[in-house]
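Have a look at the structure below before the remarks.
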Amino acid sequence: MTAVAVALVQVLVVALGGLLLTGLMAKVRARAEGRVGAPVTQPLRDVAKWLGRESPRATAGTALAIVPTVVVATTALAATLVPLAGVGLVDATGADALVVVFLLLTGSLALAVGGLATATAFGGMGASRAMTLSALAEPALLVAVAAFAVPAGSLSLPAMLGHALDQPLTMVSPSHVLAALALLVVVVAETGRMPVDNPSTHLELTMIHEAMTLEYGGRDQALVSLGAAMRLGLLLGMLGVLTVPWGLATSAAPLALLGGLALSALKATVLAVVIALAEVHSAKLRLFRVPELLAAAFVLAALAIVVGVVAR
Amino acid sequence: MALALLLAPLLAALVLAIVAPGPRATATSVAASGLVLAGGVALGARTAHGHVVQALGGAVRVDALSAVMVIVIGTVATLATAATGRVLGDVGAGPARRRAREYAILVQVFVAAMLGAVVAANLGVVWVMVEATTIATTFLVGHQRTRRAIEASWKYAVLCSVGIALAFAGLVLVYFASAHAGGGLRGATLDWSGLRALAPHLDPRVTRLGIALLTLGFGTKVGLAPLQSWLPDAHSQAPAPVSALMSGVLLTVALYAILRVKAIADVALGPGFVRGLLVVLGLASLAVAALMVIAQRDLKRLLAYSSIEHMGLIALAVAAGTPLALAAALLHVVGHGLVKSVLFLGAGEVHHAEATTTIADIRALLRRRAALGGVLAAGLVALAGLPPFSLFASEVAMFRAEIGAGLGWAAGVALALLVVVSTGLLRAGRQVLLGPGERAADRVPRRALAPLVAALGASAVLGVVAWPLATLLHGAAGALA
Amino acid sequence: MSGLAGALVDLAAVAVLVIGVAGLWRRDLRALVGLLRVQGLALALVAATTAASEHDLGLGVTAALVVVVKAGVVPTLLVRVARRDPGAREAAPLINVPSSLVLAAALVGLAVVVGAPLHALAPGRAAALAPLGLATVLVGYLLLVTRRRALSQVVGLLVIDNGVALTTFLLTAGVPLIVELGGTLDVLLVVVVLRALLGTMRAHLGDVSLDQLRELHD
């Protein structure tokens, strides 16, 4: 019962937190650039506003109609599996890291299909670019998560986090550091942040994610934006707990769980601010350099596994 | 006392820093090389029957094999230094003079490093010395400062450094294995005689990795394929005496290191492992040489590829590993050192006289420059492995020993490739030497050719009667088996 | 070896390898030399930590030598070359960067497989890490063969050398001091030699791109 409640709360927190983090990052950027910027709650208000509107659809295909729902649903399902509050709640086998990665992949695949279904030039271009990156980013994400799994010898997220909590020294091991770096790079690429994608641009030459979502409106637009925000929140949360698992509840006591969840949110917030600040100070990579960055992440993750296995 | 003579090149290097370039400097260089040769002969006399000369608290260790190498170094160094004046020409003043001085000093340092490599008791020191030869020769290869010379010396330095770094990794692994040797014998060592004693107790898996790296690493320096690509460039661009030293002895000094390593590996891993490696490397080298010699357009490159061929032949004999095969291989080392230095120095004279080494541009040397042409003709005949020269005797002995050691198939392949290379050599010889022509006005001085004739004579004598080297060579082979 | 010393050696050893891989990623020649300097420091850290925890004076001397030569003199010499043409970059590596990075990962795997017997012979933390040294050697080799710039090739050579040194420190706590001294001196000399060659190249050819060195062939 507690487990179901926690899972539902997690989805809510990821959704709300994701939207707020998106707003926060925009705000931090604005401040760092000397602007006032929109309020942090702006994405939340936008989504709420769009939710109440009808969805104009240019083409009659079913793909466009179901894509927003698929994006939100897969991300929400993934959000129930990542232990953001505590590690001792459910039987560990369900919360497999591979399942989480594949759910996220399904979401981005759906989005690309939607981009193609609009049959506009931008949608197709965005989908093509997104899939190119995805083909590199997903393996890297998989390997990076697997690298965290090496010390525990299990791909189950609660098991690996539990192991790290038991043996805090693994957190300064080279394998852990490398895996954390790799995951950071992948998360930046996955969430469509600079230096890979510039989330605040609508210039056709530079956008990736935005190009695929141009054709949505109303409720669809709301769901797609929500999905993207949830994805950001979830990945940052995952990065936070995998890198520094301290603070996660090990029992089912409600207070401990609440504390764990709050701490996870805090870690994600700190990461968001750091990434936003880093974005201000870095130029966007040219598109053909991006594969290099992701390949580097892949190599870091592979090294993390090798080192983890070798030095065990 | 004989060992003290081996310090002569170092002393000469010091003297050459003071004496101005010119006849007196050349005389110093030749004298130093002659002293090394004398020391080698004295050491050979003492070690031929299994005695081992040690010095400096065991850091220096000379057995018959080392003595053979010292003799070859001394001989080729004498030939090469005698030609110093011919290379540097009239040095005059200014930068040319400074470079002439550098050249003379570096040659002595180079010779000293090779001597250090063959008398050191510690494989680590052998490694350091072999690397030191790379450093000294890099400048010598690039001595002429032309675009091509610089390119050649760059390739040489980078590739040989990589090879030698691999060898160092191998050294570390062998050292590690010796530190963890089983059987109650514990003692981390790099001393090659100590390692041989320890060999039965070395962990085979680690040792195999180490030996493979050592063979490949030193093999680079020997010029064995697939890491031979530096050799034709370096040998063709270096000044003739340096080419003679590099081809005549430097390659075999690196081979000496492989011999020492093999002696350890044969006990630790059984004879099969290094044999397999060397058969592959040797046949590959022969194949590369055969391919490149056929259509070769440059005389010095031709000679360089022939060096790769001869190193391949020697590697095969070493792979066979019987005392007879090793003795034959060492005789081949001696013969190749003599003949190849004669030919490189001769090619230097050709370059001097004709201002080119492109085979197609040189004609009728036998008519136009009878003496030089004669030396080249005899040298090419010797290099092609024809009697009466010692390379013929050693090749026959090597093939027989290989067949006896069960490597008959490899010997067969090698023989076929050898025929191809020899045909290529003789064809180039015909092109350069024969044909109608007028006697050239300028003549190559007798003084320059006399040492070459003497060396060819020595090679012919060795081909007929292996005495007095036979005892020493068999002693050296015995020290390894 | 205490827990802290062990963790330090772990981190530094991995750093040596990761910096080697980073060399494949960077194109800026000066950044490449900077990486080399940091790699030298990491290497020295491995040696110094091992020396301190095993009270090995010889290895301590080696560590000091590594700092001076590999983190000090050698990069300084190279940086002077790099400084002469500011903004010099690797034009186009023979294999593009993503492929070479993935290849590097494969090489690391290979090194681990090949190096397995080392750990079997001497169970222990340091010997277990030794394959990372071999991996650094392979990565350096990859760097050397895929780069066209003369300076990058020197860096590749030195990465190979650092890999060998890392293997040495991890496996045997250093080979005999005399060999170590000779080896380090040789590295220094090789760099001096190559640098002199670079100078000559610049004087005679006007550039240090090896693309222009294509005259010698059959």
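The letters A, B and C name the chains in turn, as written, and every chain counts its residues from 1.
We adopt the following convention: a residue touches a chain if its C-beta (ideal position, glycine included) is under 8 Å from a C-beta of that chain, and two chains touch if they have at least 3 such contacts.
This structure is a prediction, so every number in the text was calculated from the model and none was measured.
Listed by label, the chains that touch chain A and also chain C number zero. With centres taken as mean C-alpha coordinates, the chain found closest to the middle of all protein C-alpha atoms is C. Farthest from chain B in terms of Cα centroid separation is A.
Among the chain pairings, B-C comes first (most C-beta pairs in contact). With centres taken as mean Cα positions, chain C sits 36 Å from chain A. Centre-to-centre, using mean CA coordinates, chain A is 64 Å away from chain B. For the pair chain B and chain C, the distance between mean C-alpha positions equals 31 Å. The residues of chain B never reach two or more other chains; the list is empty.
By the touch rule above, chain C contacts chain B in their complex via residues 114-115, 117-118, 120-122, 134, 137, 141, 144, 150, 153-154, 157, 160-161, 163-164, 167-168, 171-172, 175-176, 178-179, 182-183, 185-186, 189-190, 193-194, 196-197, 200-201, 204-205, 210, 213, 215-216, 218. Looking at the complex, you find that chain C touches chain A at residues 3, 7, 10-11, 13-15, 17-18, 21-22, 25, 97-99, 101-102, 104-105, 108-109, 112, 119, 125, 128-129, 131-132, 135. On the side of chain B, the complex with chain C involves touching residues 122, 124-125, 127-128, 131-132, 134-135, 138-139, 142, 145-148, 150-155, 157-158, 161-162, 165-166, 168-169, 171-173, 175-177, 179-180, 188, 190, 203, 205-206, 209, 232-233, 236-237, 292, 295-296, 301.
Contacts from chain A toward chain C in the complex involve residues 136, 169, 172-175, 177-178, 291-292, 294-296, 298-300, 302-303, 306-307, 309-311.
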